[in-house]
């Protein structure tokens, strides 16, 4: 039995009368590659927001490595190893990639409050940042200002920023959103090449990608877990076909 | 016989009503576009100077100038919206603050150039002079008139916003701009019209204010602070909130000056800071 | 300094960002020119240096951390009154006066930073405006302490280091103000190239992302706000010490608005923006001192409109754009 690194217990969230998360129970084992799928408005991003603390649940708990983190601020959860990326680029447009990732590394190493020394003296932090960028094949464009980077590279920088926090669990919200289909494989190759110890949960609409990269699939419908299982089981599930796959084929 | 506290309350409410007419336009436009318009009171001042000039130099009736004050401020605001504001809807709030402070500075200088820095005297029409005795309180006729005007404005606004097609568009755009755009509402035009109406009301407020607080070129800035306080305390886009906040600030200000004159404006600033810290989106804010 | 033989390319790059350029050195050498060229204008030069320091402190929170403040004069005023009262009731030694002013303004900044760091946008603008106006009202009504609208009387400053008297020509005043400005400029320059400076730029560029990289943005903002308040307090104290008086004007909304105008005119978020803005603003005001203040603000207003509509990054931003285009050819 593998160790569970992230789990939720009976998570509920509603905005007024609109229920966006209902009794969510999740268990992410160490090193897992989970996909979170579901029709638009199913509450997938909301679930990531709840787990990372950007939204507060109405009821339920979130555990990270056995610790109850429900009451912790988002940055506290990041420091305990729970990182995320955003569906819509949420980068630092005026910083270049090296500066942005170095900033994230400095935050993790608790040196970001240091105002009396030049950042350039922190050789290890800078090299760590550069290694992360190089690994995502951003090494050659790391001096380019973020807002001038091509869109596909900005998507990779999203992941680089999350990796700089040295996460144990990484939640990827449509990492290839907006990237042309023929290039989205590249983003997922980068994701798949990450360390086996890293636990991954990703939201993705393209079922080819999901079946190729996920070891386990969770189907979310109207804020509740509809079903979950191995890719083969999900592919064969007639119920999933009806609520999700079927609709998308026609749509 | 009523104790003097009721007199203070009455003056405070009348003053609050004046502040309401001055500020409600800014509240709605801020709620609609999130545009920080620090030149709002410059439009009010335009209305004030127009009324003062027409009454003093051309012997117009005070009442006849009021609609003109409204129209002049509304027209000027349309021009400014076209030339300047429109380009900064998506800019940061710092740019909006700087542009509109710039416009307010220019308005102060132009007013000083045209009319001098002294207070504008104005002849109140005989009908509004004096006071009515009510249970031992002397209620100024002009203040009663102010309250009446503010009530009429409130009713017109509430009816206009709640029951007309245009009002429904404004409400939809305040609630959710993108959704409203998706429903085929022309948000920019809705804003332009609302902006003109709001500035018009400010112009009317400026005309009405001369009798109560006087009129000099610094009006743009002195009353800007009051208006901003009311807008942020009342909550953006809320008419009821603006009314409640205006009365609260009006009464606090008059009571403060009456009972603790040495504190100056300390009290209303304190009220504002405390309310904002307690409820950052204002008393009636929804966000 | 890091030995260059073990340095990696990205490290070298980050180091190069903080290298002194020839223009910078020329700028600071030029600040000595008033001693030789305009010996009759040293008092004005001193006021410019003080205002530049004040603008520099605003640049830290506005230009770097993106915190808009309409009430920054509160800290300038606290520093000004603190230095004045210190000289009146304790002793007139100037350096200790500066430290006391920095401490008090920093404490006030630290206390209010807990409010500031929680808000953004209109609420933040209103709160800084409200707190600034409150500070003004307190200074105005505490007549027994501050002298209210008559200004603080009886400020006597001892000679600097016991040797240099604050003379009528402003020789000591300008030397003193310029030295303090340069010292704090060095500190600020170090700060913006530090990890903390990077974090502040992160806050300005994207406040939403900061918690997602594990950053405690509020703690950063509190720290920056406290530092900015202390430096503004030092600027205020310099004004009191070099003019031997403290007036209500030092804590007014007008001063908050003026410094904002200077910073934006010069270009926020680039250290020299506030300095250039202060130089232009103060010299222009001195040249046009014959005209009534309300007409002076006509031109300031026009300038603001032009800067916002045509020069969004201020004079320095415009210059660097022209320079970039020119060097690409």
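Chains here go by letter, A, B and C, matching the order in which they are written, and residues are numbered from 1 within each.
Please note the rule applied: a residue touches a chain if its C-beta (ideal position, glycine included) is under 8 Å from a C-beta of that chain, and two chains touch if they have at least 3 such contacts.
Since this is a predicted model, take the numbers as computed values, not measurements.
Asker: Show which chains lie in contact with chain B and also with chain C.
Answerer: Expected: no chain.
Asker: Most central chain by CA mean?
Answerer: Per-chain C-alpha centroids ranked by distance to the global centroid put C first.
Asker: By mean C-alpha coordinates, which chain is most distant from chain C?
Answerer: So the farthest one, by centre of C-alpha atoms, is A.
Asker: Averaging over Cα atoms per chain, report the distance between chain B and chain C in Å.
Answerer: Chain centroid spacing, chain B to chain C, equals 34 Å.
Asker: Using CA atom averages as chain centres, what separation in Å is found between chain A and chain C?
Answerer: The separation of the two C-alpha centroids amounts to 41 Å.
Asker: Could you grab the centroid distance between chain A and chain B? Build each centroid from C-alpha atoms only and quote it in angstrom.
Answerer: The separation of the two C-alpha centroids amounts to 48 Å.
Asker: Give the list of chain C residues in touch with chain B in this complex.
Answerer: Of all residues in chain C, those touching chain B are 62, 68, 70, 115, 118-119, 121-123, 125-127, 129-131, 133-134, 137-138, 140-141, 253, 257, 260-261, 264, 292, 294-295, 297-298, 300-305, 307-309, 312.
Asker: In their shared complex, at which residues does chain C touch chain A?
Answerer: 2, 6-8, 10-15, 17-18, 190-191, 193-199, 201-202, 204-206, 208-217, 219-220, 223, 227
Asker: Under the stated contact criterion, what part of chain B meets chain C in this complex?
Answerer: The contact residues of chain B facing chain C are 30, 34, 36, 84, 87-88, 93-95, 97-99, 101-110, 112-113, 117, 217, 221, 225, 228-229, 232, 236, 262-266, 269-270, 272-273, 276-277, 280-281.
Asker: Note which residues of chain A are touching chain C in the complex, please.
Answerer: Spelled out, the residues of chain A in touch with chain C are 52-54, 73-75, 78-79, 83-84, 86, 90-95, 98-100, 102-104, 106-108, 111-123, 125-127, 129-130, 142-143, 161-162, 164-165.
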